[in-house]
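Look at the two complexes coming up: chain A is in both, with chain B in one and chain C in the other.
Right, the complex of A and B next:
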């Protein structure tokens, strides 16, 4: 059995951390994610299973439901991205058990790259990257928006102070470059 | 252009991809007896109105939803935007275009 070394989305063995000015951009190496999509004509069962699985109602468009164990992020009509607060390789399997035939669930951990953004200037930086109104975003707001022509997601964890940016993992280096360039230009 | 997304509010048109006439949502039954004729109409025959036009836009850079946008092709004014689903498709069938091969 060959011994393989896991690499992060940017190709390193440890998550990349950049500190530029008052900003800190952290690559999150191991987010546990699952894509959750309602199946046709299963509204009632889907809503009920979600309430049981997350202990919260499903989030409205442009928002995320932040619970003790999960962030459930609205991605599109009847589609959600579930993020486990701590690494959980069994996330998709557990959700599949919870939802049964009411939902289609895919492990999406390797589909996205996540960068966390903290510091004093992050609003100014986000405004250089995207048309999203990051200044008015409050904790638990999430919006899908293009960043450098990549379809990304901005999740606000603390208004004006803490954001997560999700982008396509196959474009991780491009997104990282965009973030670094915007941070350095402030 | 700014497209008023029914769920997400005003969004720049660069987030969207344009597909074409909203009638494309009503794909003919390929097993019907007149499938060849109806696919000919579906594929090739379009009205090209100067004025109000119902058309399909895909929110590719956003929530990946399909919208039916009613746009004035002369002024580029966006009159309305709604989610493309069976209800909006049915509304289109009722006000179906007058043209087509007879």
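Right, the complex of A and C next:
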């Protein structure tokens, strides 16, 4: 084990949790993420490897394939962000093995900050932050959206009840500020 | 005096009295009042002075169209001028002051303007202040600005916050009057996602102001029951105090919600107002209609009001504008006012009806075929003069005159995409024409269907039709019974007279002004508007435009349709600028990006600088250092003498993979990359298609089909976008995948002769980083601190023996601390962007200052880096004749002589030549004090510079009034042979 101690995107040693009104905003300390992109002319092998790796079909645009172990989020044509449901430092390596020469894989665990939103007011809060139609989102809806000029991603885990917001890790403080400000302004 | 004009009844809450002040007078009203109705109830008619002539003015409406009742609300930093009293909900402690008067509202010295009116008519400014030209800004404008105008801002920062929000719906319904409520019920019951917005705090529209029954109950009760039903529907969202101010492309509507304007101070953390962007598949405009006045001499006297507003104040607010009220009408609607006033016990002096065939009245004498020709009374109405059908005159005592000139549908939002309204003769008004915004339909009075029954039915029918277009079936339900009377208008625009008759009361435009514009050939409506300022006030002429147009039509002999209208534009009603800014103010104007060592740098007391969105440590002051140069000089010298560390995570990092990655990188860089071995890094020069330098950086080959490109901090986004363009559009044949890795890695430059010794303590022992095993430009995946995966690059921006070490971002904070601990024996010194800049200038490395978009590889002395052996972006156009001229600009080093300073931005001239554009030979791009050379140095471009080393030139900076003598030298001030970085 390395002698270094990781910090969360907000710079703490423990994830930050804010409870404001009927909302709970939780920083996820160590998301395990990998960027997955299909290599040219590898459609068949890529689809097959995805099915084997995730046990699900690849998601359509603006959605995520949600399985017990992963959320596979559509990010662009033939590009996905794979989220492991539990901390898994070997995610990118495992995927590289699974996909072989059919995909390009990049560890993205440190590229993003993730905040989970739960509570009764989360739609009202998201309406203050993003032009995406959070009210009509169902489990597995995933949308790239700017939030206060930051390139973010909203993933709906349970319609109206549970969402994750991903933003650039370096902007974690600004995104957190935007979230708690919006929560407090409802 | 307390509420002398308060009646019984009304929709006010008498259990909640509220106290407020107007011009310092303490008054009371009730919850449910507007400031307007509370002033009316307190018998206050004079509320302001007019914009130009300082005429005494009173409230004329009960809605958002109010042109006169403008006050300064609140005090201190919250002072807000030009607040419409009719839209101001009364709250306890409300503090309002009249505007545009001195010393007092009753005695205003500037009302002398009114005596000078014959000089101040239309076009006055254009004609009078033509010369001398320079007097305009210095003399005329300050005087005019002081004399004219309305309220004043506080000049302080707005203490309130404003929010922005986004909502989506199937059907947006604008206006909660009978048409809007019926549409909402129909759509809501069908399960459609509905947003119902209304500018009032109480739903019902005209129903709140009238006494008609709807569905066997009072109209306002029916409205309440509709709201109650809608409130139970999850698919319907009701937004009171919300005005749709504009229609934009693709079904996007701007709605301003006044969240806290009805409170003295917003709740802590809560916004005062929210600007909603509503995405609506379909929208229905149910904005109702605005009653217009009839122009006659002195028709602006306080107490002269819209007839619908007069009965509205009585019915909804139980506030009588006066004890005796006369009515002047050209249609049947005026007679309704008489009935309602009589029912409330008010003495209706007479109904002056311009129609010869006017109906009889049970409640007052009807003066058929008669008109009001003048008014009198000091600071408020006392009498009106009636010109009788037979030709004689009659004087009537009255404290208020209720005027009904017919109703104008509120078509404004249908004009926001340049839709033109069309004239409808039977109602003598403009109704929405074709060519309005796509997806926006209109229902009820807003399209000229004025009866309550008609509006209800139309609301339902339009809702069904709109929903059908988006595949939602809505059922028709039984209509509640309601009045379906026709208003039987006979148009009557103005009463001829010899005095001034007012059209636009907010901008002080009279019938005479229209005549003058006509006389002077400003006859097109657009010219008329600009010459007279008709309709150019905050109300966009809602009570005046049609009157002005009708008079111009009379003068030109055209129809009103032919005369046309000017364009209504967003916002529909005056809107505070703050709500457009939303949260984007001050430090929240844009987000910041923090490098992984930020929190540690804060602990060190670093001074920060914004580099794009990044907040970077600029220098790290130590105790006793009082000037930034002391810190920077120390950081530079310590790094060059021993070792320094700098967070360089902000540089753009792009992960490039795929079978075609090598060919791709080789194509986007002008120098060769195809043969770069795995485990090596190379400096790359990237050109734009036009041959100019776009960016530079180092790119590492991590695997056969895996590269990691580094960009400058400033260009990270632009280079990524460029690579995506090349990948998708220029070379789709290549198998290439891109992903940004900038945020993933915490990267630190460790520079100086002792950098290897420091790193050797952290890099796990199985990785040999000796000069032999890991030479200059090597790179590789390693582990540090007991197994943490990391990347090491032997690259140098400072010119010293240097490395850049990258660890996953979450370990960045721990890594900087580990580096500082490991470096302790070597006095490791953290350095900021200033020292970084000094060292790269000393080394002659270019950055954004030099790569300014007009510079070629040849200008940089790097023409050999544009390979002729391959195709690359920009290679061909970099060979353009002008770009390869022998005497082109050339990067040089510049050293100040005689203790002067090099100043970036200075232009360079040969000694003895004139300082003008013709003799300009180049310019200084970067400057720094070099503690190493103990001199001010810089980089710059000068004509034929490579051949001029040793020459003295003059650097001129006329903007800062500075000049200096500089010596042209090699841009490599330090270690030109590169021995240090290869050590």
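Keep in mind that, in the parts below, the second predicted complex is superposed on the first by the 183 of 186 C-alpha atoms of A that agree within 3 Å, B and C clash if a C-alpha of one lies under 4 Å from a C-alpha of the other, contacts with A are read in each partner's own complex, and residues count from 1 in each chain.
Throughout what follows, a residue touches a chain if its C-beta (ideal position, glycine included) is under 8 Å from a C-beta of that chain, and two chains touch if they have at least 3 such contacts.
Note that the structure is predicted; figures quoted are calculated from it, not measured.
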Chain A residues touched - chain C or chain B, whichever exceeds: C
Partner chain(s) touched by A:109 [first = chain B, second = chain C, both, neither]: second
Contacts of A:44 with chain B and chain C, given as first, second, both or neither: neither
Partner chain(s) touched by A:146 [first = chain B, second = chain C, both, neither]: first
Which of chain B and chain C A:62 touches, first, second, both or neither: first
Which superposed partner A:131 touches (first chain B, second chain C, both, neither): both
Touched partner set for A:35, first chain B, second chain C, both or neither: second
First (chain B), second (chain C), both or neither touched by A:11: second
On chain A, the residue positions that both chain B and chain C contact, one per complex: 79, 131, 149
In the complex with chain C, residue positions of chain A that touch it: 1-9, 11, 30, 35, 37-41, 79, 104, 106-112, 127-128, 130-133, 135-136, 148-150, 168-175, 177-178, 181-182, 184-185
In the complex, chain B residues that touch chain A: 7-9, 12, 14-15, 60-65, 83
Footprint of chain B on chain A - complex, ascending: 61-62, 74-77, 79, 131, 143-146, 149, 151
Touch list for chain C against partner chain A, complex: 161, 163-168, 193, 269-271, 274, 277, 279, 583-584, 588, 590-595, 598-599, 613-614, 649, 655, 657-660, 734-737, 739-745, 783-788, 807-815, 818
